[in-house]
Every structure is written in structure tokens, then in C-alpha cells.
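Two complexes, one shared chain (subunit A), two partners (subunit B, subunit C).
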Partner chain A sequence: MLKPKTLTNVLSQANTGGVQCTLLLNREGTLLAYSGYGDKDARMTAAIASSIWLSYEKYGSVAFNEDNLKSYIVECEACCVSNGIFKLLLSQEGNVIVIKVSNVLLCMHANKSVPLGTLKAKITTLANYLEGPLTQVATT
Partner chain B sequence: MSTLDTLRRDLLTLIHSVKGLQAIVITDRDGVALIKVNSELAPELSMRPAFLASTVVTSEQCSKLGSGKCKAITCFYENYQVVHFNKNPLLITLIASINANTGMIKALETQFEPILTDLKKVVNA
Partner chain C sequence: MKKKVLLMGKSGSGKTSMRSIIFANYIARDTRRLGATIDVEHSHVRFLGNLVLNLWDCGGQEAFMENYFASQRDNIFRNVEVLIYVFDVESRELEKDMHYYQTCLEAILQNSPEAKVFCLIHKMDLIEEDQREMVSPIVIKIFLTYFHSQIFREREADLIKLSKPMECKCFKTSIWDETLYKAWSAIVYKLIPNVQELEKHLQHFTEIIDADEVLLFERATFLVICHCERKPHRDVHRFEKVSNIIKQFKLSCSKLAAQFQSMEVRNSSFAAYIDIFTPNTYVMVVMSDSSIREFHFLSKHGAEIMIIISFLASAATLINIKNARKHFEKLEGVKTQNPPTAFAPR
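Coming up: the complex of A and B.
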């Protein structure tokens, strides 16, 4: 049985040093747990992250001789609209990383100041910690 | 030597500059390969239109994550890693073994600029 409060607490431990939010979602894109701040639409992020995962998994499996997808990182740049005088910032730049844990996905959203290596190390550590309990839940 | 041959030679130099890098493919927004350079180790199916077209669609989806325009995507498989650079209207796909240095592959981004200048003219024409 999953304890939502404990799970959220565990996820919140990763939200330091520029990491804005951490999400746990299933392969269909449904949000299982979320911890973070800012006005991010977590449900939408979860849906898109899982959609990207399924796409890379499906086509990558064919392209790389049944190779399994382990993780992916998306780097985004700031999006602005300018009329010559004013510049409107539509979105901040940031990075999103997704990794597989048992049969679910773990997603982390960070701002640009977080180096990709640090982000990968953080999500791998969290994934290793959650692997055991989530596998137990998946098998029961 | 034609322009295409020069581009191919430049890309081949880039492949040899990073250990483990196996292929570089530059495609347009429809996933059609404009130029393709690979070593013997590169998996043949990864350079087929099916995979390349899927990456174009996925890179468009990434822009909807709420963090602005997608600049680059890095995928880690068990034995391979794939790096995409979104250089509108072109998409660069780099395929490497999992042991290759990801930082070095990503550092190649700036070296693509002179190569892309010629190709962008062709695509925009």
C-alpha cells in the first residue's frame, strides 16, 4: 500500500538547489504523487512526459534492436515575444528529466542553473531509493 | 569536391572527434534525412525515416512541457544514447554508444553552426 504523504515527503527532498518540482506518474500519464512549487501544471507535465516516453520507447525499441529506454532529458530555452520596444517572457528556460522506476516514471523539473549531471545524479538516487517499495506495490 | 561532399567530410571529422559517436543525421521538420554520416557500428534501423520522423514529433511535444522551446533532447537506452539538437527548421540527431561522453557530444552543438548555414538556405528556399 502506498502512503501518499510519505511519498510526497520523499519527493520533496529532491526539490533543492534549483529543482522546482518532482512528479511520480504512471506510464499512461496519470499523476501518482507530486511535490513542488511554482505555478506548473503538474497534470499536464505528467501527460506530456509520459507521451514522450512512450514514443521514444516504441520507436527506440525498433531502431536499437529491442534496447530499453532508461531515461531522457529535455532542455528548453526561454520563449519571448517582442514588438521592438517591449519583450514579453512567455516561459523561463529549464530542464526536465524522466527516468523509469519499477513500472512507473519519475520526472524532475529544474531551472537552468542546475547542471545536467547534478540533475541526473539526483533523479538516479531518488529512483534507486523508490525502486524497492514501488516494485513491492507493483507485484502485489 | 561538391558542397555535399565537403559537408559529409566535416561531419565525419566530428564523428571521429568523439569516442563512441556512431552517427550524425540532419533532417528537416518532416523527418526526411538531408545528410547522413555514420560509422560501421551504427544501428541501421536508427537512421531510417520511421525513427527520425518520430523524433521530430517528439521534439514538438517537448516544447509544450511549459519550459519554453525545446533546445535539445538526450535519450539514454541500455546500449545507446541519442542526442537531438533542435535547430529550426532542421533537427540534428547524434547516435552514440552508452559509454560515449555525453558532455563531449553536447559540446559539438556549436560546431554544427557553419554546417547548418548552408543547409538552412536549401530548406528555406
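Coming up: the complex of A and C.
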């Protein structure tokens, strides 16, 4: 069972020191839980993050000799790219990191000011914490 | 487990109509096609998997009635779990109705003293129609509400007095609105053997997922069999309304040869999910405003207020429902290992 209060509390704990939002999504890109400053396009972010994940996983497994994808970082600029969907994501400046937890994805969006290493450390800690409980819940 | 349910009352009081609506997916309008019941019609209704309601719909014409009380007395009134006696509120022969009712009770008291008795005062909608010519609709409404409850209360008091030493529970019903579902929900609630246990587990489930309210519906009839409420709601008739609405919807789905499976209704203040639960039930989960707003006060550069919005999206609630499913299936004693085969062994 996913307890709404507990889960969102855990997610919101990461929203410090420049992290804008933290979200949990399944591999199809459906948003499961969200916590952050303002809920601008949370569903959109989830969809894009999972879409990137799936395509990397699909082609990466061929290119990188079947090494499994663990996480990826995307650096977003404040400029707008003319591509319809990506424009929305990229208009928020900062870094996005996505990591696999059990069979769902955890995604974090942070300011430019947050060093990538810190971001990575943060999301890994959160992922480790959630791994056990989410594996129990895992059904999708 | 078989339970015998007797459905009795005067001819034309609406026994077969209500049975058809609740158990045979008729809509109210279709009941006009029904003719008078001859003698006793037996029907077996599978309810919640292992419970079988053995409905005895007894035709109410006088000749039959006399027969039930005389030659068929033992056969009819033995092993009765529930007696449902239907009164037509418009009936002009109140005395006679009451006489039959009492005779019926006597027979029950002799043959199955443990039976539960329910009285349905039926066709309450008809009183309304008689008064329609009156002036303003609002006045009518106020008047009728008063008038209805007045009539009902009088009848109820009479019936309770007459039923002694047995206890009877009265409901006012009409096939045209949700009152029918209310009455039948209350009746089947008394018939489900492990309802307390079911209620306990439902309560637990509701607490875990922080839902405002969780309802459990029987799958075929859409009667509410169990509910758990954590946040009080002002409308006490909501269960029957939901039953009524969803059942209508389900029936219109079946017209398109599509099976109703699930539904999600959402507005700014709540989200409601209706989904198939166990093989015998549907569940409805109501969650209030999905975004839980938390205010974090950071005072690094003076007083700064940050607002964190957190919410659990609908997919997560569906996962919760899915996970609870297994538990409730076990509770119901559903055997998933050997599904019923299409070919019966010889």
C-alpha cells in the first residue's frame, strides 16, 4: 500500500537546497506522487522523463552491450527549443536526474546552482530508502 | 450457504417488480411488462460468491394466499431466514392487508421463529402524483416531505405494534428512486455471514490509504454491503444514489456490449474511483483533494514562505486498490486455483 501522507512527506524531504521538485512515476510515464514548489506540468515532466528513460534503455542495451541503465542526468537550459514537447521541459532551467527504484522511476529537478554530484548523492539516498518498501508494493 | 427469503404481500403490490430491478437488471420502466405471479416463483440468486439467496416470490392473489396458510403452510414457512412483506401504500383495504400480514407472522412464528422480518411500504412515489395539481411546486415539496414521513411513521408504528412478539423493520420504497436500494442494502446486510470481519478489514484499508470514504458494492446488484467513512458527509442517501446511478450506467454499457469496469470522477475538492474489486464486489474509494499543501517557513533571508505542493496521483490509488484486492479475495474465500469449467463433468 502506498500511504499518501508518508510517501509525499518522504519525497518532500528532498526539496531543499535548490531542488525544485521530486516525483515518482511508473515506467509508462504515469505520475504516482509529486512534491515540489508549485505543480507546473508535473504530469508532463513525468511523461518526458519516462520517455527518455525508455528510449535510452531500449537503444542503450544494444549500444552498450546490454548494460542496464541505472540513472541519467539531463541538463536543461533556459532557452526554448522549437520541438513542441521539449520546449516545456527545457524552459525550466536546471538539471533533471532520473533513477530507477524497484520497478518505478524517481525523478528530481534542481536549480543550476546544485552541483551534479550533490544531486546524484541526494537521489541515490532517497532511492535506497524507497527501494525496499516500493519492491513490496510493486505490482505494475 | 443457502438462505431462504420469502417475498410476500398483496397482489399487485410490486414484489416481482422490485425483485426484477434489484436482481435481474430490469430498469424501472420495464417492470410494466411483468404480469401477475402465479403461485410461487423460485429464484436462486448468487450473492457474494458463496451466499445463495433462495428467493420465494409468492403471488399475492387471495386464492394463493389462503393456500399458503393452509395446505402449503409447512412447505412455505419452514427454514425462512428473512421475510419481506410488501405493502402497497395506496391500498384501500388496509384492514385486510394487516390481517394477512398477521396470519403470515403467525405462520412464521410457528415454523421459523428465528426469521428476520422486514416491511416495505411500497409505491411511495404514487402519493406524490395525486397531489400534483396543487399550486406551487415548492409548497408541494415541503408538504409532501411532511406528508410522506407522516404517513410512513403512522404505518410503521402500526406495523411494529402488530408484529409483536417479532421485531420488524420498516422501509419506505419506490422503484423510481434510490429508496429501493436503501431497503435492500439493509436487508442483505443482515444476511452476509462475515460482515463484521469485512467491515473491520475495510476500515483498516481506508485508514492505510487515507481515504475519506470507501464503499463496497455487490457486483451484480450494486447494493452497498459494507462501508467505512472517515470524514462525515452531509448526504445520508449517497450510497443508494451511487448504487442507482452506477447501475443505470452499467446497464447502458451492456447495451453497447461493453462491460463496465472502472470509473474515475474528479473535481477540485475530491477524487472518486470505482473499480472492480474481488470477483463479487466493486469498490469505491473517495479521496479528498489530492494535493496536500505544506507550508515551509524558511528564515534564511528574513521571513520567507515557501509552499510545497505534494500529491498522490490517481495511478497510485489504483495501485493501492489493486494490492488490496488479493487480501479481500482471500477474505471472501475465493478460490483462484480452479476456475469453474465450462463443461460440467458427467
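One rule holds for everything that comes next: the second predicted complex is superposed on the first by the 123 of 140 C-alpha atoms of A that agree within 3 Å, B and C clash if a C-alpha of one lies under 4 Å from a C-alpha of the other, contacts with A are read in each partner's own complex, and residues count from 1 in each chain.
Throughout what follows, contacts are C-beta pairs under 8 Å (C-beta built on N, C-alpha and C of every residue); 3 or more make two chains touch, one makes a residue touch a chain.
Computed from a prediction, not measured in an experiment: that's the story for all the values here.
After superposition on subunit A, the partners subunit B and subunit C are accommodated together without colliding. In the superposition on chain A, A:31 contacts subunit C only, with no contact to subunit B.
In the superposed model, A:137 makes contact with subunit C only, not with subunit B. Of the two partner chains placed around the shared chain by superposition, subunit C is the only one that A:1 touches, whereas subunit B remains out of contact. Residue contacts after overlaying the shared chain place A:69 against subunit B, while subunit C stays out of touching range. Note on subunit A: of its two partners subunit C and subunit B, the one contacting more of its residues is B. Think of it this way: put the two complexes on top of each other by chain A, and the tightest Cα contact between subunit B and subunit C is 18 Å.
Those residues of subunit A whose C-beta lies close enough to touch subunit B in the complex are 40-41, 44-45, 48-49, 51-52, 55-56, 58-60, 62-65, 67-79, 90-96, 109, 116-117. If you check the complex, the residues on subunit B that touch subunit A are 43, 45-46, 48, 50-51, 54-55, 57-58, 61-80, 82, 102-103. Interface of subunit C with subunit A (complex): residues 208-210, 287, 291-292, 294, 306-313, 315-316, 319-320, 322-324.
If you check the complex, the residues on subunit A that touch subunit C are 1-5, 7-9, 11-12, 15, 24, 26, 30-39, 43, 137, 139-140.
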